[in-house]
């Protein structure tokens, strides 16, 4: 009887030890450096570095999402499409966005009011404002991500956000007006997949 | 000739006639869980193929060389689960390394292969059917192949249904289960094809 | 009959895949080209071709002559724009152009003085056979010639001698497979000599040995005229007139090349990579005028047709003429309940109003009654996967699956299904029993994909700028810290702030 | 409205309705033969099945609050006609109606209506019925030419009694009226160890009868001639392409030819296979159902070959005498995958790319 018990314990224990060893070795072999998922998410983000997600930039937010510390729906400028893409990478259900998607904006400095304090230049995360101290500053519209980080520091409130001009070359066909296309769109937007 | 035809029969039976998902209704959880996208389904298929084939052979070895000689058959389930769990852990690490995206896509369903009744079912049925080493490996592989086949086909159907204006009451699992049921009915057509 | 049956079974000997045989409705094929009178105002948008827009050279109040350059090309893929008549520039501002968006573009408004004086700076090149090829090419560029078949791609770019890809065959595209349109047809009938001469210039420019004038067999009089002109004007070049069975979209460059040579232009390559150059009839005529007469492109032949036009026909129209003015010449003044198309019915754009100028790519102006138009655009029904679209597709796409991916905005999948190889010929939509606007979905998908690409590029550039800024700030910090350490180490008394950054 | 409308601005004039109507017209010869063979019973079956389908379609659309305009596209009527033609003449009336409800409700509307159903609706219903009521679904009426006197199906009242009360209404006639189909007979014989030729002889099998339809079988399946005519009409109308029918038929014929050459005592000859059971109906009308078959030509050939292999395998070795229906529904499962991997090479694409 005792012998039987010994056999059982020994064989099961030995087998478990063997399994543990195999796993230990393979965990060494398959050790992963870095986080490729975070890279993938970072590539999907619009890189406005606006901080509207509550993280100090796009990379930190990507890291947070990859480690499941943040939801997929915090990127405001990325909008619907970015959220869906991230949800796809993470393999989670899409969530509705924090905020409504706004039309793309760019910053514009009213030059006659600008005092040349360079505070906005320091605030801009993508170096889209040029100008020297005591000179008028100008926003390079093509570089501006519309992150509004320059509005706050301006002591004279001379920066406006204006709608990005629509270019003929950037015009694209909308979805057809047919019921079938539009109901599909509605369904996609309500996230009732499956 | 007859050996090979036997092997072919075992494979055919496991893949089509006694398909694990559609006629034995084993492994329904990953079948419904990871069939949303074809790519993930293919990844899952390979993972299951790997685990099932190895699990059936390893469990056969354990059965023949540990459990029967030592008269420990009452430990059968715990041993088999140990084998399966090890294999699943192994494949999980491997997939995480090789394809992080697939790893994310499979999500919870990858570790859940451990408790997948299809895998344990294959190991137990193998033992019950008194298969030899080779036939048990074949049987395990065939069962996994059958699982993979219907999983991939089903994922294709589901991808197609994704854009369909399914009535509200049938959205989601309802229409998925109806489709699975229809597939199962169709697979009944294979019944009697191979007498094993 | 039996052949027809086999064709339906799919054993057809079609020279290129797919294609359709729409009702051609070439009602204007026998109406000669009439000269459209000068309108009271000419509006020249600064972009009438594919590529970069031009920048205006004239200011408000300037007096210009016909053929005078009024906007210069910017960048390589661009050709200049010339004043269509003599007169005064009265304003330069945004104005509607023939574009589906209905958006406007900077345009130069010219009030004709009625004298129609020509700018004589460009001299005719009589001796083109002994003129340097690059000079001829420069002439074609300077004369603002862009493909007049509808795409308006700057022509000079194609007229190049490349040692690695020598052009053996020049194909003159007289197919004109779009229903209703007959402007090339009439040009071939009325100006066959000039076209053959233009073709010889092209062959001389690219060094081609063989020339083929491809015409569909529903234009028998054009075939005859061109044959006569070729025989009459034998200059030792191998030029032949080829009659092809009528089939849409045979006029598409790649399909025409396949139909004639049996070769397919490899993906991502140009016709010159299979040793072929295609030119449109109208463009060839324009090249003739540019080289032999020294005339820049200031007018083109436009077909005015459609069931709502009282007097359908072809007209030689100055670029910049308002469509309303042209329709009025053909007796159409009331546009209530009518639909106006720019181009043919298969690929043309629907315009919102007729107050839009004719540009270089305007092949035809159609006015269709609402009923006629409605018939083509009924409500979309679900796809029954009949596969007729796949059969009609000259590129061998699977349009119904592709449209599903576009509709669901699965852009990567759509790209995998070769969305970007679609030529938007419309054959799939034409045959679809469910009336699915397939081409519309493809255009939507292409636009979305372009948008995504733009956003990605912008995000990538922003990321680089942001990283650059981060490293710069770090560097400045480090430098400051190093300086401070140095200062502390030497114990030199610091001077008061010198306002250094 | 109508702000952005993309080209093309003309249309060929084809519509879903015209497609469906051409299939219905193509089924007319088979329907006529069934009426000739099975008298008023056929009329009752076909009309009740079509009515059931149309009613289900109307009801489901109403319940879902959708437009009932799809009723006009004739697809429900076509499904009803197809389903009726696959049913035995003596199917109880409630089974026929149940079949119609299954076909439209479970086979089509659950997935969102026409165009979205992965399986052929008529065949799904037929398989549900076959598996649920195996006895009734394999009880065949002897067609008219060999019928005993006194059982005139051209007599409307007798047919109505049979239709409403089932075969139980005439207990004395059951044996006299029914017989096995050739496929079922040969299969039974095979399991009893009787060789094929003997079995066919004892069945009094004739190719001519099978071709023109004078044999036991479902309403519309018996006459290969009528179905062939319909198929040719569809091909000529360009409603279907040759790929699926040709590859399907060829695969069955080739497999049967090989097997019967190897062992003629065991395996039935190819012509028998081609004319027997529901093969012709499945080949020309079920497998070619555009919604549930592949779009691409290569995919269609793969589909047809797959159908052929499964049909022949089930007929030869399977538990059911007829495999064509199962084959088509099984292959329907594979359609999305086939479509994805069998796309044609597009213009200018390099040859080596998969």
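When the chains are written out, they are named A, B, C and D in that same order, and each has its own residue count from 1.
In this section, contacts are C-beta pairs under 8 Å (C-beta built on N, C-alpha and C of every residue); 3 or more make two chains touch, one makes a residue touch a chain.
The structure presented is a predicted model; accordingly, all values stated were derived computationally and were not measured.
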item: Neighbouring chains shared between chain B and chain C, ordered by label; value: A, D
item: Longest centre-to-centre distance from chain A, chain (CA-based); value: D
item: Separation of mean Cα positions, chain C and chain A [Å, integer]; value: 39
item: Whole-Å gap between the CA centroids of chain C and chain D; value: 51
item: Distance between the centres, which are taken as Cα means, of chain D and chain B, whole angstrom; value: 33
item: Residues of chain A whose C-beta touches two or more other chains; value: 173-174, 176, 184
item: Where chain D touches two or more other chains, by residue; value: 2, 4-6, 112-113, 116
item: Residues of chain B engaged with two or more neighbouring chains; value: 162-163, 165
item: Complex contacts: residues of chain C adjacent to chain D; value: 5, 8-10, 17, 20, 22-23, 100, 179, 254, 258, 264-269, 339, 341, 343, 345-350, 368, 373, 375-377, 381-388, 390-391, 394-398, 400-401, 417-418, 421, 424, 426, 429-435, 437, 439-440, 443
item: Chain A-touching residues of chain C, taken from the complex the two chains share; value: 99-101, 103, 105, 379-382, 407-409, 436-437, 440-441, 443-444, 446-448, 450-452, 454-455, 458-463, 465-466, 468-469
item: Chain C-touching residues of chain D, taken from the complex the two chains share; value: 2, 4-16, 18-19, 73, 75, 112-116, 235-236, 238-239, 241-243, 290-291, 293, 295-297, 300, 339, 343-350
item: Residues of chain B that touch chain C when the two form their complex; value: 162-163
item: For the chain B and chain A complex, residues of the former touching the latter; value: 36, 40, 62, 66, 70-72, 75, 78-79, 82-83, 85-86, 89-90, 93-94, 96-97, 100-101, 104-107, 162-163, 165, 171-173, 176
